[in-house]
Structures are given as structure tokens and as C-alpha cells.
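Each of the next two complexes has chain A plus one other chain: chain B in the first, chain C in the second.
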Partner chain A sequence: MRRRPGDKSIVATVATWTVVLATIFPLLWMAITSIKPQSELFRIPPAFLPESVTLEHYRTLLEDTPFLTYFGHSLVIATSTTLLVLVLGVLGAYSLVRFSYPGRERLALLVLFTYLLPSVVLVLPLYLMMVKVGVANTLFSLVIAYTTFSLPYALWLLRAFMAGTPEDLEWAALVDGASRLGAFVDIVLPQMLPGIISTAVFTFIVGWNEYFYALVLVNSDSARPLTTGVMNMLITSFNIEWSLLMAAAVMMSLPLIVIFVFLQSYLTRGFAASGIKG
Partner chain B sequence: MTSAVLGNVASPRRFSLQRHYALLGMLLIAPTILIFCAVIVYPLITAIYLSLFSIYTPTLQGDWVGLENFRTMFGSPEFWFTLWTNIIWTVGTLTLQLLFGIGTALLLNQNIWFRSLARSLILFPYFVSTVVAVLVWRWMFNDVYGILNHALLAAHVVSMPVDWLGQMPNAMASIIVIGAWKYSPFVVIAVLARLQTIPQQLYEAATIDGAGVWGRFWDVTLPQLRDVLVVIVLLRTIWDFKEFDLIYLLTGGGPVTSTQTLPILVYKQAFGLNAMGTASTYAIGMLLVLLTFMLLYLARVGRGKESA
Partner chain C sequence: MAGISIEKLCKAFGPVVAVRDLDLEIAEGEFVSLLGPSGCGKTTTLRMLAGLDFPTSGSIRIGGRVVNDLPPGKRDIAMVFQSYALYPHMSVAENIAYPLRKRGVPRRERDAKVMEVARLLRLEALVDRKPRHLSGGQQQRVALGRALVREPQVFLLDEPLSNLDAKLRAHMRAELIELHRRIGKTMVYVTHDQLEAMTMSDRIAILHGGLLQQFGTPADVYERPANVFVADFIGTPSMSLFEGTLHRQGGQLEARIGSMVVPLPENHVTWSGGADGLAIRLGVRPEDVVLGDIGEPAVVKLVEPTGHENIVLLTLHGLVVTARLGADVRLRPDEAVHVGFRTAKLHIFDRDAGTRLNTDGPARVTAFRGLQSIGQR
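Up next is the complex of A and B:
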């Protein structure tokens, strides 16, 4: 009955993969629908695999809809938010972990508190603020809005990563006569690199996926990101073209797929450092 | 951890360095604090302030009404009904997330073929945009061409296509299930990480004592998971309670107001009924409910720091 540690269980494999495949089935179905010709889409009963594969929906999506514009907006917003939050977050986390001054611990808890604040509470004042300052309906307004949840999160994550790196090397450099900022650039930043990449990946994904602020703060195509843009395609279309929408959903998930393929370990690492462990 | 160890044996030089650098430390955090105040603290205070006004959204003109909005809110049946709906959604989806999440984590902890691939695939629903999730599920739930109705019709489970999102109780059940699909990977990762640290000897000892599979789960696994489960429940309660995107995009709070949660009510008040003051009042009311869980979580994290 007792198995050697290296042995793999067939029963457990089948059971687990059934669950995994059932879980990702909706996403498989999305990909399959996006490459089915329109004629096969409304066949009753539907066939699982397409008889012929077409990229026609992708062509329509890229050529006849504002999808690429939205895609560009999302790219700009998510990238800007990530950069802004990283610069502030790395300096802030460095300060919170390696310096001592009054109120430091309380500040760290305040960061966590703001991380849990619902967007619904902040969105109305932010909306008023954007209108008053005159930046409503711009990409910039969304970068600012996304900072409200990204910055606390990044700060908390980076703080956890920073606390996990040994400070001996940094002290050694200081003793050897390096300046504090010199040691920061030469020692701390390289040590922190995995944490920084993890945080960047998380911030980017959250910014890329954000819907609520975009819904409230932007109501023109000149600044609309993918999330609200694609939903608009669904709502405003007279005849819902599901294959087109599925193609949009696949395209929208492209950055995510890239991240999963190339940066998977950073994703898992970020999870371990985030709020779960505290 | 490291800093605590070093702190105990710190040389006088190190202390003087730290004192010297305190100013630099505050300087480094200053931009963050500034932005925090501008985009979080100031809006938060404004939100409370707004809740004391009656404001017409298109013109943003308003009058001071004091606590009148709060009196109206607590006297309004819609508020209590929405709060109740919000609780049903949160408890329902969280329960499913926990059951499915823990179960899947236990499976993924087994020694199976292609384990790391399975572990990364299971994360996809969590990281995919809510908009993507909603589009896919609405397509699968489509009454005429959706694959779910076809499968059920073919299996003779139902005799007519089911309206999954347009009638009750289907709509509530649907959003709860889709919420569980989307968010249980969070539970999977957190539980899986903890499972991997449970010492194998505990299971061996339990086996020697005659414990079966269930006995080992109840007596070894579950007690070991207790701490991480408390944190998961607190965090997910907060996040599920304030969920807007998923529900709004699936049902819009409907049919009528059957799946309307507090965030949707706030949005409708502000931009549907153009009552921004009342909307702020609802938002603050929601924050008050959430505050209990937020403080519990903060207390837990704060306590963890001291014992570490």
C-alpha cells in the first residue's frame, strides 16, 4: 500500500487534472469560439472542436473596431501606473524597512489599511477632483486613480521583500565608506530585483484588468481602456457577435499569457509575500 | 527577522548611523506620503464630507443637509435589502471558494504527473480580467446558443433552456458560482503554500495511531491550516463584500434589484439617480460594515509582527 516518495499516483493525477481542466474549460471555450467560423457558431448542437479554423474574427477586431486604440490606452495606463508606483514604492519600502523614525510601524499599518479600502468610497471624491482639476476623461486621470490601490499594495509587497533580504552586505558597504544612496543603488536594488519584478508584474496586471474607475472616470473613446471599451462593444452592438467578443477576450488576455509563460515564478513569489502572510 | 537578530548584537556605530539616517528615511517616504494624502486621505475625508450634502451629479451643485442622508439611509428598506443581498452573495461565494479552494489545494499537493503545469493553469481565472471572465460566462450561459444549456438539454437534466442570469434564484446562484470560479485560486495558492510546510512526521504519527484519510485531514491538516484560513476568510470577506465588476457586468444588480449589492447601489445612486450625496452616504455606510473586518485583519497582521 505504501508508495515510495518518488512514485506518482494515477488516481490522484486523473482526479486533479479533471478538476484543473474543468476549471479552465471556460477559457478554452473562449479560445475555441474565437477561431470558429460564424456558421459553426450557431450550430445545434454545438461541436466542441471547430471543423475549420478561421482568423477572420481577429482581423475584424483589429481592422473594424477601435480595439487597438483601447489596447494602446491600456498599455500606456498600466505601464505608467507600474513605473510610478515602483519608484515611489521602492524608496518608501526601503525607508520603512531600513530606517527608524517615529511613527514608522503605524505608517506601515496605515498602508495596509488603505490597501483594503473599497474603491467605491474613493471614486466619487476622485471623480469630483478630476473634474475640478480638469483632467477628467484623460489617461492621466486613470493613472492617478489606479495609484490609490496600486501604491499601498506595491508598498506592502516591496516591504515584505525588503524585510526578507539580509542587510549585512549593505552595512559592509557603508563601513567601507560607501554613501547610503551609493549602497542603495549598488547593493539594495540588485538584491531587491526579484521583488521589484514581482511587484511590477502584479501592478501591471491589476492596472490592465481594472474596470470600475475606468467606468466612472472616462466616458470618451479618447481615453477608454480595454475593459470598458470591450464591454461597450458588447452593450452598443445591435447584434452581439460572440466570436468577435471572444477574440477580443483572447487578445485582452495576451499580456497575461506572456507573463504566465515567462514570469510565472515571480507571480508565485509575489503571492507568498502579499497579504496572506502579513 | 534578520534585522531583529542584528539589532540584538548591534554595535554602537550602527545605532549612531541609524540616528543619523532617520532624516534620510523620512525624506525617502515623503513623496509616497504626499501622494497618499492627495489621492487617498483627502478623498476619504471628502467622501465623509460629501455624505452630509445633497448633490445633483450633472451640475455638482449641492446643499448641506447634515445627517439627513444617514437618517434616510437607515430608514430605507432598499438599503437593508441590499445589505442582506450583499451578505448572501459574500457568504455564498466565500463558502464555495473555501470548499473548492481547499479541495483543489489538497489535490495539487499530491504527487501527480505534470504537477507544476496543473498548479499554474489553476491560477488563470484569478488573474484574467473580470471583463474577460464575464464575457466568457455570458456566452456559455447564452439561453439559445450557450454550451451549458445544450449540455443540460442533451443530458435531459432540463427540458427547456434555462435563463441563468435573468431570473431568481438562478441569477444569485450564477454569480455566486462564477465568483467562486474566479476567486478560489487565491485560496488554492494560500492553502497550498501552507500545506507544503506541514511536517510529514505528523501524518506518519497519525497513521500509526490508526487514523484514516479523513482522520488525518481533521486531526492534522485542518488544525495546521487554521491560521492561514483565518487570514484568507478575513481578506476574501473584505474583497467579496466590495465586489462591483463581476456582479454589475453579469446581472447589473438584476433582475430588478435581486442581486444588487452595496457597491452597485452606490454607483446607481451617483450616476443613475444623480444623487451624489446620498451615494456617498451609502459608500460610508458600506465602509462602516467593512471596518470590522478590516480592523480584525489589521489586528491579526499587527500581532503576527510582534510574535515574529
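Up next is the complex of A and C:
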């Protein structure tokens, strides 16, 4: 039997949609659960769509729990980490690519090596150091911790982008009357924008979603981020507040979804470039 | 406008010496090419002029002012890069305006100058485009525009035509010559393409291994090459060079190349004579090889027709000689011919030192041994 030309594309479409639905189902289930009334949560057999819609869980979460405080902490931690990583990463990548000094390549490899270390190996020494310098249990301790494991990746990604920026552009800017810093700001940084945005998004996600370090380094509400805060607040040995948990999960996902929607094109370019040039 | 004075300029990268004791005096408004093969130090010299590399020793003066320690932006120079180095995120107008912006020129004045330059280079219709939407020739003109806009004392051009196809290159070459004629500014042009150097320059500095080989007009370097390197490097096809000895036999000056004896005009060389002769290299340009009814027997090895002429490789006494003949001269491989040289145009070099020995008297077309008359076939 001869196959029609359309057969192949139908199979591919069905396969693609299967993967997409399998990936998106937990997210949909999360969003739907967050607006189901408590009475519908544990119905057997479960219903996919709610009979009635409620925003009660969101109201409870925002008014009766410290959710917004944790949200604020997470925002400060993720944003500060992102800014710190970007400043250090961009300057470090510039140094690794543009200046020649003994051990430059080894240094770059060493940086990558620190990225390969399991985070569990670093957490205790880091905690002890934080206690020693008196910053344990603060937002700052988490910013430092997240920077330590985001920076190596950022350096490598940005290094690839820096290497892809022709040196001639910088020389031309110098001849045109720019200072070294001026050439860097006017010419080099715009060329690296996709890399900078990719790095920023990656670092923000790490800072926003990280759980393990937050659990070890912070044990007071004054610095607790969303990940450990929500767990602490809604999951106890006796009970799991599923409806609130799902509402919290939806709200935690919102900033990341917004970032992805707006920066999608930069991200694709960024990751593609890091794959090719890195 | 300003001239450039380079004195004892050296540049070493670790143990590698890129430029060695370079002396050049470039006059105001002159178009000078730095010509040489890859790695000869021409781009390093240009980068030192621009301030992108600093000399290991020696001095550079632009307009009488020592600029050794000045950053590129303070030298009052403009540079066009081989890659054009257009800022990809800026439009054509923003690219051209950038040097003015960096000098704090007010916006209105800046815009007026950008449009003036755009008109000069026929870029008015493209000012809002990004460089990636331009052809190679247009990008090249934008790079020139960015250099022109702030009216610098000196223009430095680093192989600006090498990324263009042959036809566009010829067109841009003519445009550059015209531009230089119009603005009359000092230009230093780096190229490895001798055709560009020969057609565009007032003078050419030929570099090899970081050393200046010759600094002269295109006619000088072609007709009176200072050494074997220049003789071999300048000219397409290259000069044929043969090892031999120079003798004075009964008052007659002659070069002996293997079994061949080439009589030379009196006073052709500075060598005053000696019983043992002098080890030399004899050079003959392809256009100074002529075919005749009599002369030395030779065999055609290869014919390369270019349309307007034929380049012919001949075997003469076991040596390979390149000849440039008219397109109407029809020869076939293995055909037997008789050849002679225009002896007054022969180039004689000291074999060991490689230096030129010709006295360079007035050029005369003289017959090769035994030939009474020389005529193109």
C-alpha cells in the first residue's frame, strides 16, 4: 500500500501534541485545582473541570498567610543574585576573552570545574562561612550562595558571546574616540544582549526556584524565600493544604511565565549561540 | 592635514619581532601603501599608527606631534578595518554619527554632517538601514563614511577591499582614488594586493619579515626593485630569476647563466669587474622576453591566455622563463621558438646579499646575443 505524503506529517503532529499535553498537564492540573472548591478536590473519580470556580484559596493565601512576605524575599534574592551574577559574569567574561595573562585558559576550566561540583558538597562549608562572618539567616547569605553556583555557568555562557563579538568593533570604537569603558558600554554590551538576557533569566530562575540552600542557610521567617516558606507554611506532618499549595504554585510560576513570554526570542538566540560557540 | 614620520619603529610580541627599525617619512596628503605578504608587519605598523598597539621602541609623529603614548581617539586619525567593523546594532546614520557623538558634537550639527557624508558616498537612501541589510560595497562605503565624517588628519585603511568580489573591488579602487584626490588627506593603506598598491599609491612601502625592503613610487618598485624580494614580489606574473655569474670579458660585460651567455650594456651594473666574476641573480620581467626569428632556441611549456595577452612559460637552456606576449601570438605547448631578452631592462642582483647592482641608466632596448632585430611575432 502506498503511503500518502500527508501521513508523515500527521504522525509527527500527533506525536508532538502528545508530548506537549504530557508536559503541560501537570501545570493545567495545578491551575485548575487552585480554583476548585475544597469539596471537589478529593472526589472519586476526579473531575478535570471544576463544577464551580472559586478564588477563595488565592484570597486566603494573600490575606491570611505570610505569602507576600516570602514573595518579596524571593524577588529580592532572585533580582539581587541576577544583578550580581551579571556584573561579575560580564566583566569576568570580558577579562577571559580580551586580556591575555598566564593561566587564563586554566582559570576558565577551573571555573567550569566548580560548576560540576554537586551543590550538596558546598552547602555545609558555605553555611559555616556564613555563620562565621555573621550573615547566616539573612537574604544576603542566599544571594551569595546562589551567586557561587550561578556564576560559573554565566561566565561560560557570556564568554561564548564575548568571543563571538569581533574585536574589530571595539578597536573601531576606540579609534572613533570612545574610551575603553565607552567602547564596552556602547558596542560590546549591545552585542552581548542575547547572552546577557539568557544569563539573567537562567540566574533568576535558579534564585527563584532554589530550595535546598534556602532550607539549610535560612531558618527564620525574616529571610525565608517562597520555596521553603510555602513548604513550611502549607505542608506539615499532619496535613497538606493542597488547594492553597496549588494557588501558591500558580502565583510562584507567574513571574517566570511572564519573563519567558517577553524574552522568548532572546532566549532562543542565547541558548543556540551558547551551544554553537561555547 | 598632516604628514607622518616614523623613526626606528620596532614592535616585538615576546620573542617574535613583527616590525624592525622601520623608518618612513610620509608627506602631507600622500597616499602610501604598506605592501607585503602575510606576516610582514604591515598591519602591525598600521595598528601602531592607530594606537591600537604600542611600539616596543621608536617614535611615531603625526603632524609633527609624537603620538606614541596617545590613545587612538586622541590621535586625530580614522581607520577603516578589513571587516569594516560596522556596529551591527546601529543604523547607517548612527554608525556614521558615532565618532561625532563621542566628541560631543551637538545633534543638529551631527545630523547635517552625517547627511553630507551620506550624499558624498551615495548612501542617502540607506541611512536608516542596519549594516546587515547592506551589500559588501555599501558596507564598505559606510565604513568610509564613518572615517570621513570627522575630517581627521590621517586615514588608515586596513585591506578595506579584500572582502569584495573582483568587479566591485575594481570599482571601489577607482572610488578611493577619486576620494583621495577630492579630499587630499594623508592616507596609509595596508594591502597584500600589489595591483591595489600599484594603482592607488603615490608611494609604496614594501615590507618583508618586519623589515622595510623598499619605499618608492610604483614605477620605482617595478622598474628598479631594490632587492630580489621586491623583484620577485612585485609584478604578475613574477619576474624570472636565474642564478649565474657576472664577468667582464675583453671589455664586454656579460652574465653567464648555465650554458647561456647574456651580454649586458656597458655601465649596466655598479660592479667594476674582477677576474673571478661575481655570483649574481639575473631577473627578467615577462614583458622583456621577446620572440624573434633568430635567438636562443626555446620550447613552449605552457600557454595561459588571459584574453588581452598570453602568458607563456618557456624552457630555455633547461631554465623556465615566463613571457608576456600579445593575444595575437598563437603558440602551442612543445612548439620550438627563438627568444631574446631586452638586455637594458635586465635586473642584476648580488646573489648573496640580494641587493640590486644595476646602475639604472636610461632604458634602452638592446638585442640579445646574436639577434639583429627583435620583433613581436
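In the analysis below, the second predicted complex is superposed on the first by the 253 of 278 C-alpha atoms of A that agree within 3 Å, B and C clash if a C-alpha of one lies under 4 Å from a C-alpha of the other, contacts with A are read in each partner's own complex, and residues count from 1 in each chain.
One rule holds for everything that comes next: a residue touches a chain if its C-beta (ideal position, glycine included) is under 8 Å from a C-beta of that chain, and two chains touch if they have at least 3 such contacts.
Computed from a predicted structure; not experimentally measured.
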| item | value |
| --- | --- |
| Contacts of A:171 with chain B and chain C, given as first, second, both or neither | both |
| Which of chain B and chain C A:26 touches, first, second, both or neither | first |
| Of chain C and chain B, partner touching more chain A residues | B |
| Touched partner set for A:227, first chain B, second chain C, both or neither | first |
| Which of chain B and chain C A:49 touches, first, second, both or neither | neither |
| Chain B versus chain C as contact partner of A:179, first or second or both or neither | second |
| First, second, both or neither for A:242, with chain B first and chain C second | first |
| Overlap of the chain B and chain C footprints on chain A, listed as residue numbers | 166, 168, 171, 174 |
| Of chain A, residues touching chain C in the complex | 166, 168-169, 171-179, 182, 186-187, 190-191 |
| Complex interface listing, chain C residues touching chain A | 50-52, 71-73, 77-79, 81-83, 85, 87-89, 98-99, 102-103, 146, 150 |
| Residue ranges of chain B touching chain A (in the complex, touch as defined) | 1-3, 6, 14, 17-18, 21-26, 28-29, 31-33, 35-36, 39-40, 42-44, 46-47, 50, 60, 103-104, 107-108, 110-114, 118, 120-125, 127-137, 139-140, 142, 145, 147, 150, 154, 181, 189-190, 193, 228, 231-232, 235, 238, 242, 244-245, 249, 262-263, 266-267, 270-271, 276, 279-280, 283-284, 286-287, 290, 294, 297-298, 300-302, 304-305 |
| Chain A to chain B touching residues, read off their complex | 3, 5-9, 12-13, 15-17, 19-20, 23-24, 26-27, 29-30, 33, 41-42, 44-46, 88-89, 91-92, 94-101, 104-105, 107, 109, 111-114, 116-122, 124-126, 128-129, 131, 144-145, 147-148, 151-152, 155, 163-168, 171, 174, 180, 205, 208-209, 211-212, 216, 226-227, 230-231, 234, 242, 245-246, 248-249, 252-253, 256, 259-260, 264, 267-268, 271-272, 275-278 |
